[in-house]
Every structure is written in structure tokens, then in C-alpha cells.
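Below, each structure is written out as C-alpha cells.
Next, two complexes with subunit A in common: one pairs it with subunit B, the other with subunit C.
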Partner chain A sequence: MRQIRFGVTARALAVLVVLGLAIFPVYWMFVTALAPDEELFRSTSVNLLPDFSRFGIFGDALADGRVARWLLNSVIVAGGTTALSIGLGIPLGYALSRFAFRGKAAVGLALLFTQMLPEALLVVPLFAVFRRFDLLNSLHGLILADTAFALPVVALILKGAIDGVPRELDEAARVDGGRPPTVLARIILPLIAPAIAAAAVIAFFSAWNEYVFAVTFVFDKSLQPASVGVAGFIGEQDTSIQSIMAVGLLFTLPAVVFYLFAQRYVVSGMTAGAVKG
Partner chain B sequence: MARSPGPAGESVSIPSSPLPQRRRRRAAGSPWTPYLFLAPAVLYLVIFQLVPLLQEVWLSFTKTTLLNPNFNVWVGAANFQAVMANPAFRQTLLTTLVYVTACVVGSVGLGLLVALLLNGRFPGRAVARSLVTVPWAAPGIAVALIATWMFNPQFGILTRTLRAVGIDPGPNGVLDNPRLALAAVLATTIWQLVPFVSVVLLSALQGVPQELVEAAQVDGAGRWMTFRVVTWQVLKPTIGLVAVLMTIWSLRRFELIWLMTRGGPLGSTRTLVIDLYAQAFESKQLGTAAAVGMVGIVISLIVIIGARLVARAAAKEA
Partner chain C sequence: MSLRPPRRGRSISVLAAIAVGVTVLAACSSGPSASSGNSSAGPQPATITFAASTLGDPGRGPGLQKLIDEYNASQKVVTVQPAAVPYPTFGQTVLTQMGGGEGPDLVRFDMPEFATASSSGLLEPLDDKIDAAKLKLIPGPDKYLSVDGHRYGVVFENANYAMFYNKDLVPNPPKTFDEFVQTAKNTTKGDVYGLAFRQTQAEEAGVWQDIFNYVLGFGGDWSDGKKLTLDSPKVIEGLKAYQQLYDANVIPKGADAATFRKMFANGKVGMELNNGGYVTATSSANANLNFSVSRIPFPEKKQGTLLAPMVVNANSKHKDAALDFMNWLLQPAQQVKLQGVLGASSVASPTERSAESLKKFPFLPALDELTDSGVPQIVNGFGPQTADIRHIVVTEVLAALQGQQDMATAMAKAQKQAEKLVGQ
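For the complex of A and B:
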């Protein structure tokens, strides 16, 4: 009996340690943002608790026109990438799930193959293409580039979700005369709505976090997304570390919150794609 | 909002409303149907992934500089020979090998431990399972930002901790110390990867048949024995898959390393992708950069194909 109780306590302690390690860096961002200078740069001791009286720093960060502009640009790019990759990914996932056709295995393999291409590899040739079509220095150009990397993952997640819908449902609808687009829109899409939401979260935050294209293709400060803005803080001396961490947290929190919701689908989608691809 | 009566409301209540009789034709539609669904996305990926990739392949056989990217001189395999002959590139390959291996072993090993830990029954399990994924959900750019602050040479909390336990990273800090920088980048990467691995393995653990675990225990098998005979057998395919994913992702990881160290100090964190980017945008040699990129792609392909062969052999054995 005593041994069992000890086992439970040990497990609880281990869980607390793991959670502490997982959360501490983000928590530390929060504490740093709220810390007064004298505490941050004191060499003798460290204060591990946040000073809530200084909470206004987050408001100040948002009121800074530059930061608001970054976040707005990021929302535009990420929103556009999400819409485009879901729009293209739904029919692709449907075709891969419901039809047998020549070249199906090749398409699946190609989707897996894109997971190993680094953005840094394609940025040079894409730069040339973008210059020719006047897509440089624009938010819609970034949407086009980011979608290329979000689309394969989105399509694999949606294919996995459609695989989970019983075929009898759409076959019944087809016998009743429904054509494939109708079946897809009326029967299948409502059933995979949670997976679509999860795929949207992934697409949105892959673009939210995209750095290589954003830093290479956009020159105007007013068009920079937040990923470039936040990255620019690293090694910078002119901005106070508290403001930097406040902006960093504003950039981090949406991703954390949405991922917690979508986590289950995200994981199953990513692994399903890799298994069956 | 109140439900409004009318045609819209009715069509919702009959989701599979049959269309008129004349539409009754061959159920599967024409053989072209799948290609129509496929075409937009495939065309998109051809334009934005395949064509640039082929251009990059071609660039790797030319001498091209960033300053004049449209002026290409065909040089055959010269870029590859130059890259291979460069001792710094051997260092890059070694760094890549160390980085990728440590990422895979570290994230899969720790991820497995965390998964086993969270698989048991304890109060607050659902909350714990959610919170543990925070590192993976945090954007890589933000992770680089917080890591550089925590490793700040003077005031970083990790630097202070290291000093307190007797490790002095020097006046310029961990990230500027050739002997510690790679370890710091690795710790940050693994911190971010562990949650993904553990969530995947947690869901695989649901497939462990509880009867078998109990049967093993009835037969007198200890914890370790039960794990090896039952749990490990169920997890093996998933672990293999996750290891492959971790390898591919770690081979292509860029932002985190670039923003923390730019590949330095003294090239101690310069992996293949960092080298590729630095060759293109610092040395302005697009041909050499492309050749480095091709080496990376070949390595990734070997990993994917090798993993498939191993998986197939294992399946045949079973």
C-alpha cells in the first residue's frame, strides 16, 4: 500500500517537473515583459514572479503603430494562405481519398517529398519568378509563396479526415443522382468540419511563423509581417527588453491558444500523411 | 439567432435531398473526374515547388552570382567538386550529422518518457496533456527570441544558472562559445520537439491492449518486461515513423538556428541549410548554394527510402 502511494506521488512530481520545463520559457517571457529594469539587471538575485502593476506594457506595445502594422500584415498573409490552401486542399484531399486513378501514388509521394524541401532552397528561384510577375514586396506575393508550403500538409490532413467518412454515405447520395461536387459540398464537408478547422489552424500559423520568404521578398518596413519584426529584435539594442518580450508574447499567444484546440487533429493528420503518403 | 423558417431551413433538414431523376447516370462520373479535382492544387505545386526545384537543380551545375542571377555559366560538376573539397564543408556535414542525430535521439527518447508518464491515471491529466504541448505550439521565431534572452551573456537566466553550477560560458555567453553553442541550439530544438513526439506516442499508446498488459503481469512479468514484450511492440512502427519525421524536419530546420547563432561561432552550428543560405546570401554564390542544397536533398531521400525499406522488411518478418 505504501509503495503504491509513493508511486503516485513520484509520478505527480515528475509530471510537475515536465510541465514546468515545458511552460517556463513562455512564462519567463511574461515575467520579463513585466519586470522593472532594476530587477532585470540585478546580478545578485532573480525574481521569478510577474509584477502585474506593469501590465500596461502590453497595451503600449499594441499602441505602437509599428507593432500593430506587423500583426495586421501577419493576419492578412496568414488569413490569405489559409483560405487559399484550404480551397485548393479540399478538392485534392477528396480526389486522393475517394477515387482510384493513374498517378495517385506519385501525387501522394510528391506531397510527402515537399516536407523535406527547405524554404531556403526554393527562395532563390522563386525570387526570380516573383520579380518577373511583379509579386515582390507585396503581401499577396507572400500568400502565394506560403501556400506552396501549407497546401501539402492541409491536403494530407483533409484526405485523412475524408477517409474517416463512411463511403456508404456519399455512395447513397450519388445513387440518388448527386454529382461529386455536390456530394463533397453537401455530405462530406459538414462531416469533416473539425478537421478543416484544424487544417486552417496549421495553415494559418505556418504562414504566421514564416520567415525566409518574408525577409527576402518584402523590402518596405510597412509591409513586414510580425515574424520579421520579432526576429529583428534579436540582438537589437535600441528597444527595451521588456517591450521586446511583450511583443514576442503577443506574437506567441494566438498560436499557443489555437494549437491547444486543434492539437488532436493536427497530430493525426501529420502522422497519417507520413504513413500512407 | 432564432431559426428562420423557409427554404434555407428546409434544405438543411434534408441533407441528402435527391436531385431530379434525369441526373441519374453512372455513379462515378467520367474517368476524368478525379483529375478535375486534382488539377488546381497539383498545378499550383508544380508552379511553386517543382519548377523552382528544377531550376535549383540546374543552378547547381552553373556558376551564378546573386548580383547577376540571370547570367549563368555551365560548369558541370565543378560546384559539387569544390564543395566536397572544402574542409569547411566536411565540418558542416559533421555538424549536421551531430545536430540531426541528437535531435532525433533526444526528442524521441524524452518524448517516449513523457508519453509513458502522461499515459497513467492521475488528477488533472487532461490539463497536463494540453499544457505540455506549449513548446510545440509556440512559433519558432518566438522560441529563438526567448532562447537568446535566456542565454543572454550577462542577464540571461540560463547563463546565471550555468554559472551557479560552475559552468562559465565566457564573457560573450553560451551562444558565442564554440564548445557550447551547438548544445544550446540542440537543447532549444529538443525542448520544442519533445511535445510533438509525446502527443503522437500518447495516441499510439491507446492502442496497447490492456488485456495483454494484465496477462503479462499475471504471468509474473515485471514492469520492464511488460514494457518490452507488449508496449514496445505496439509502439515500434510509430516510433520509426516519428524518427523519420524528426530526421527530415531537423535536416531542413532553419529559422531557429539562424536566429540564435547564424551558424557560428566558428561554424560550430552551421548545418547544411544554414550553409546553403549563407552561400547564397552572404557569399552570393547561387551555384554553390544550390549544390549544397542538392546534397541535403539526396541525404533526405536516402533517409526516406531507407526507412521505407526497413519498414517493409519489418512488415515481412512479422
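For the complex of A and C:
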């Protein structure tokens, strides 16, 4: 009994250590955002406690109006990219998993190939294409650009998840008269909900953090996403480190909220059916 | 969790190369266009964008914005709006946009990007649009803004490099390089560092600016105007001096410019080689900092200068409007105000420092005197290729700094790569 307790305590401690390592940088950002200048570079003693008397810096950042606008733009771009990637990735993953067609291997390889190219390599040709189709300086243009990078990963994740669903289930549904779209919607999708949630998290974070397309394709200040807005705090000669940390923290919050929201589905999907006989 | 490893770091270096490439491609298809209007008839109503990294500086940005607002209020035809381009990727972003047929109407470039853009036909020629004699433009720096006999810009800012020092930490500024090293060592104690400079690939342009002073200060040059001399003994000597200070552990290693400049402003760094624009930023960050400026104590009295031209984008649909703002800014009254915003930098035409600014910064004349010995940070004779040569040199120098090779080997490799690049 004592051994079991010790094992549980050790595991709990290990989890706490890992959690601490993951959270500490965020906490450090919080402490730095609230630190006065003279505290920033003191190496003889480190102040680990936040100075709450300076909490107004977060209010100042939001009162500016720009930060809220950047965050809203990022939510639109990341949300749009996620919806489009999942919407296109599901049928693509399904087709790659369940159907035999000419060029299937090439499509799979092409999806992998897109991940080998850095986006900086594609920014110039994409710029020309986007200009041709009047997609520059718009949030929907950014959504398309980000989807181009997120979709292959989403499709491959979903293909892998669908591969794991027994084909007998498809065949049984077809015997009952179900056509492929119906089989996908009624049989497959509920079973791969955790994979969809995981793919959504990846697509959302990819678009949320994206910088190169955002800084190059968007000229209008009011359309900037937060990734570009935060970089704007770095000046040529002078940089307000506390402001960057404060805005950086605000920048992480919507993404964390989305993850917490999606995580529920990941967990519920993983445990679904666990108690069925 | 993210889709791929952090993209920005690797993306920026690739983007830099791509941006330069696209400008060359653009040169094949789009030569400079003629001005669309007649300046004497006045500009057509328009809203134009002005991209300047200065606008993002907490110390100088608000002052420049005020000047822009003043122009906007002075007439009702043209409205100038700041373009949103963050400083860390400013050059690459604007060059990519311009190469793609877009971009801000007006740009404040650094010299390497100016050289690339002008040789690629991305800039509007200003030969008959700017009356240099009437505007009394200072000839020294102004001459660098003409390429193949055509003017492509006017001086926005000309900031000489000098030694900034904290008078409380360094009461007696060094006069020789040996004293410089010794002072840096003596000042480094606890959380205070004797010196600070850039030393990471992420700040490639900044490292180039920093090592430029060491190379010039030890009598070297990147070329003789016709041939590259990256591996010449004098260049290597200057870079070895830079490495000596790196190895002496007198700098906050790993700290970027944003961090160590903040440290200087807070009394945590004794000395820094920086340009005149830093005066305003430093005093704005800490009005009580007891600092001064003197000539860089290297053997040769020669140093880099941050020459920043203002240019008109050849793609602009409102060139007349852009020129109207440019000419307004070049008027004597506005030049005085611009210099006030920029701090110790010079502007396009001669201006007299106010008694107030001289009282606040008595070292300003010393900075102004450096204009004659200032050298823009481009490779003489290889202006358009400067950004690529910079990448090669900085990569090799930093590899030497990390102990992967000695400095002579680094520069021999850089010379070979750069020769291949320029076709020598």
C-alpha cells in the first residue's frame, strides 16, 4: 500500500515539475511585464514576485485599442484557417484513406512535400498570385495563405485517424444503403472526433503564430494580426520590454482559451466507448 | 504545440535572400516609371503611406508622427499615413512588397536595401524632382544617393557612429583601443557590463553595422572599389579586435540590441558604439542617465555612418503626393524639427543646433564633426550586392566567434563565397 502511495506521490511530483517548466516562462513574462526598469537587469538578486502596483500596464495596453483590434484580427484569421482546413481536410483525409484512385501516392507525397518548404520561400510567388487575384491586404487572403500550410498536416492527421477506423463499419453502413458522404458524416466523423480536435488545435496555432505572410501581405494597420502587432513594439533604437511582455501575454490568452475548449473534445473523444462491452 | 518549429527565425534569413532575389527579377520587368504628374500643378488628392522604422521607436516615433500630423494639417490634399512594417523585418518586407508591384509610397531605407532597390528599378528617379542646390542639400552624404547618374533618394537621416559611455561607470573615456579593452574589463562587475554589441545571426544587419566600425577603425575596407578585400590583413585585424572583446567576457552575450540598449539606459552597460540617433532614444528611456559621447578610440579616425535615404516607390500611384511631402520635409523649418526628432543625427540640409539642445547634449558638436570621416555601411563598388555580402560575412564572422574557425579562415571563406556571388 505504501509503495502505491509513494508511486502516486512521485508521479504527482513529476507532473508538477513538468508543469512548472512549462508554465514558468509565462510566469516570467508576467513578472517582467510588471517590473520597473531598474529590476529588469539585476543579476545579483532575482525578484520572482510580481509588482501588482504596476498592473495598469495591461489596462494601458488594452485601452490603446490597437491590441484589441490585433487580437480580433488574429481570432478571425486563426478561426477561419481552422474552419477551412478542417472543412477541406476531412474529405481529403477520407479520400486518401478509403478510396483507390490514380495518383493517390503522388497526392500523399505532395502533401508531405509542402511541409518541406519554408514559407519564406513561397512568400514571393504567393505574393504575385495574391496580387493577381486581389487577395492582398485582406484577412480572407491571409486565411487562404495560412490554410495552404495547415491543410496538408490536417489532412494527413485525419487520414491516419480514419485508417484506424475498421472498414467493416463502412461496409455495414453501405449494406444499409449509406453513400460515402453519409458514411463519413454518420459513422467516421464521430469516431475520429479527438483527431479532428487535435488537428483543429494545430491549424489554429499555426495561423495564430504566423508572421511572414501576415507582415508581407497586409499593409493596412487596421488589418494587422497580433503576431505582427507585437513585433512592432521592437524599435530600432529603443524597445519597451515591459510593453512587449504585457502584450505578449495578452497575445497568448485567446490561443490558450481555444486549446482548453478543444481539449475537452480531445479527452471526451478518447474516452468515448471505453466502457462499452 | 504548433504546426512546425518556430518559423520566424529561419524564415527571416530565407526571406532576406528571397527579397533580394525578387528585386533582381523585378528589375527585368519593371524599369522606373516616369512621374505621373507635374509638381508645379500640385498633387492630386491622395492618401499615401510612409514606411520608416523610426516610427516604431518609442523615443523617436511619436516626434516623427507629430511632424507627419503637422504636414497633414497644413493642407487638405494629401494625407500621409504611417505604414505598418515592424523593424525586425523592415527591409525584407518592404523589398518583397515593392518587388511584387506594391509597397508603401514613401520609404525610409537603410543603405544596403537602398542600393538593392535602386539598382533593381524599384525606386522613382528624382533627378528633376529635387532641387539640391535650392534645398542646400549637404553634398557629402547626398552623393551616395545617386546611382548611375540618377538620384533615387534624399537624406532622411545621417547618423554618425561614436562611442556612447556612462559617465558614472566610465569617468575617463578611453582614447586608444588598449584602453578601450581595459576599461571594458574594469567596468564589468556583477550585473554591470563594460561594453555591449550585437553578436547573433538574428541581428545580421546590426552585427554588420557593429563590425563595420572595427574594420574601418583598424584601417580595413571590404573592397577597394573594384575588388573585394574581405580577407585582407587589415579587415582581419579589425575583426580580431571585435573577437577579442567578445572573448574577454565584457559584453552581455546573447542579449539583443533591444535588451542591451535598455541595459545601457539603466546604467548596466558602460560603453556602446552606436549612432547619433541613439541620443534621443537613450534620453527618452532614462532622462537622468549621465552619459556622453566621444570618438571611437580605434587607431584610424574613420567610422561607419547610418545613412538612411527617403525614397519614392516606383510602384506608387501617387508619386506627386509623395514628392509633395518629401519637398515639404526638406524645407529649412521642417529640417530643424526633423533633426530635433532624430536627436544627434544630421538631416539632408545644414541646420543649426538650438541652444537648448546644445545645453542638454553638449557633445553634439563632437558627433557632427564625425560627418567628414563617416562611411555609409555599404561595400564600396558593390552596393546592390551589399545585403548578400553582409549575410556571407556575418555568418562566417559569427562562426569564428563561436570557435568553429579562426578569423583568418572565416574571412578567406567569406572572400571565396562573395567573389562567386559578384562574379569575380
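Convention: the second predicted complex is superposed on the first by the 207 of 277 C-alpha atoms of A that agree within 3 Å, B and C clash if a C-alpha of one lies under 4 Å from a C-alpha of the other, contacts with A are read in each partner's own complex, and residues count from 1 in each chain.
As a convention for this text, a residue touches a chain if its C-beta (ideal position, glycine included) is under 8 Å from a C-beta of that chain, and two chains touch if they have at least 3 such contacts.
Keep in mind that this is a model prediction, so the values were computed, not measured.
Contacts of A:Ala203 after superposition: subunit C is touched, whereas subunit B is not reached.
Of the two partner chains placed by superposition, subunit B and subunit C are both touched by A:Glu119. Of the two partner chains placed by superposition, A:Ala10 touches none, neither subunit B nor subunit C. Legend: residue contacts after superposition of the two complexes on their common chain; A:Phe219 is shown touching subunit C, with no touch to subunit B.
Legend: residue contacts after superposition of the two complexes on their common chain; A:Ile187 is shown touching subunit B, with no touch to subunit C. Once the two complexes are overlaid on the shared chain, A:Asp37 sits against subunit C while remaining clear of subunit B.
In the superposition on chain A, A:Leu72 makes contact with neither subunit B nor subunit C. Applying the stated contact rule after C-alpha superposition, one finds that A:Ala63 touches neither subunit B nor subunit C.
Comparing subunit B with subunit C, the partner in contact with more residues of subunit A is B. Using the contact criterion defined above for the overlaid structures, shared-chain residue A:Ala173 touches subunit B, although it does not reach subunit C.
Applying the stated touch rule to the two superposed structures, the overlap between the subunit B and subunit C interfaces on subunit A comprises residues 40-41, 43, 115, 118-121, 123-124, 127-128, 205, 209, 211-212, 216, 231, 233-235, 241.
In the complex of the two chains, the subunit A residues touching subunit B come out as 8, 11-12, 14-15, 18-19, 21-23, 25-26, 28-29, 32, 40-41, 43, 46, 88-89, 91-92, 94-96, 98-99, 101, 104, 107, 110, 112-129, 144-145, 147-148, 151-152, 155, 171-180, 182, 186-187, 190, 205, 208-209, 211-212, 216, 227, 230-231, 233-235, 241, 244-245, 248-249, 251-252, 255-256, 258-260, 263-264, 267-268, 270-271, 274-275.
Taken in their complex, subunit A has these residues touching subunit C: 37-38, 40-44, 115, 118-121, 123-124, 127-128, 131, 136, 149-150, 153, 201-203, 205-206, 209-212, 215-216, 218-221, 224, 228, 231-241.
Interface of subunit B with subunit A (complex): residues 15-16, 18-21, 23-25, 27-29, 31, 33-35, 37-38, 40-42, 44-45, 48-49, 51-53, 55-56, 59, 66, 69-70, 114, 117-118, 120, 122, 128, 130-150, 154-155, 157, 160, 191, 194-196, 199-200, 203, 238, 241-242, 244-245, 248-249, 251-252, 254-255, 259-260, 273, 276-277, 280-281, 286, 289-290, 293, 296-297, 300-301, 304.
Listing the residues of subunit C that touch subunit A in their complex gives 1-4, 6-8, 10-12, 14-15, 18-19, 21-22, 49, 53-54, 56-61, 81-89, 93, 96-97, 99-102, 104, 190-191, 258-259, 261-263, 265-266, 268, 277-278, 280-282, 284-286.
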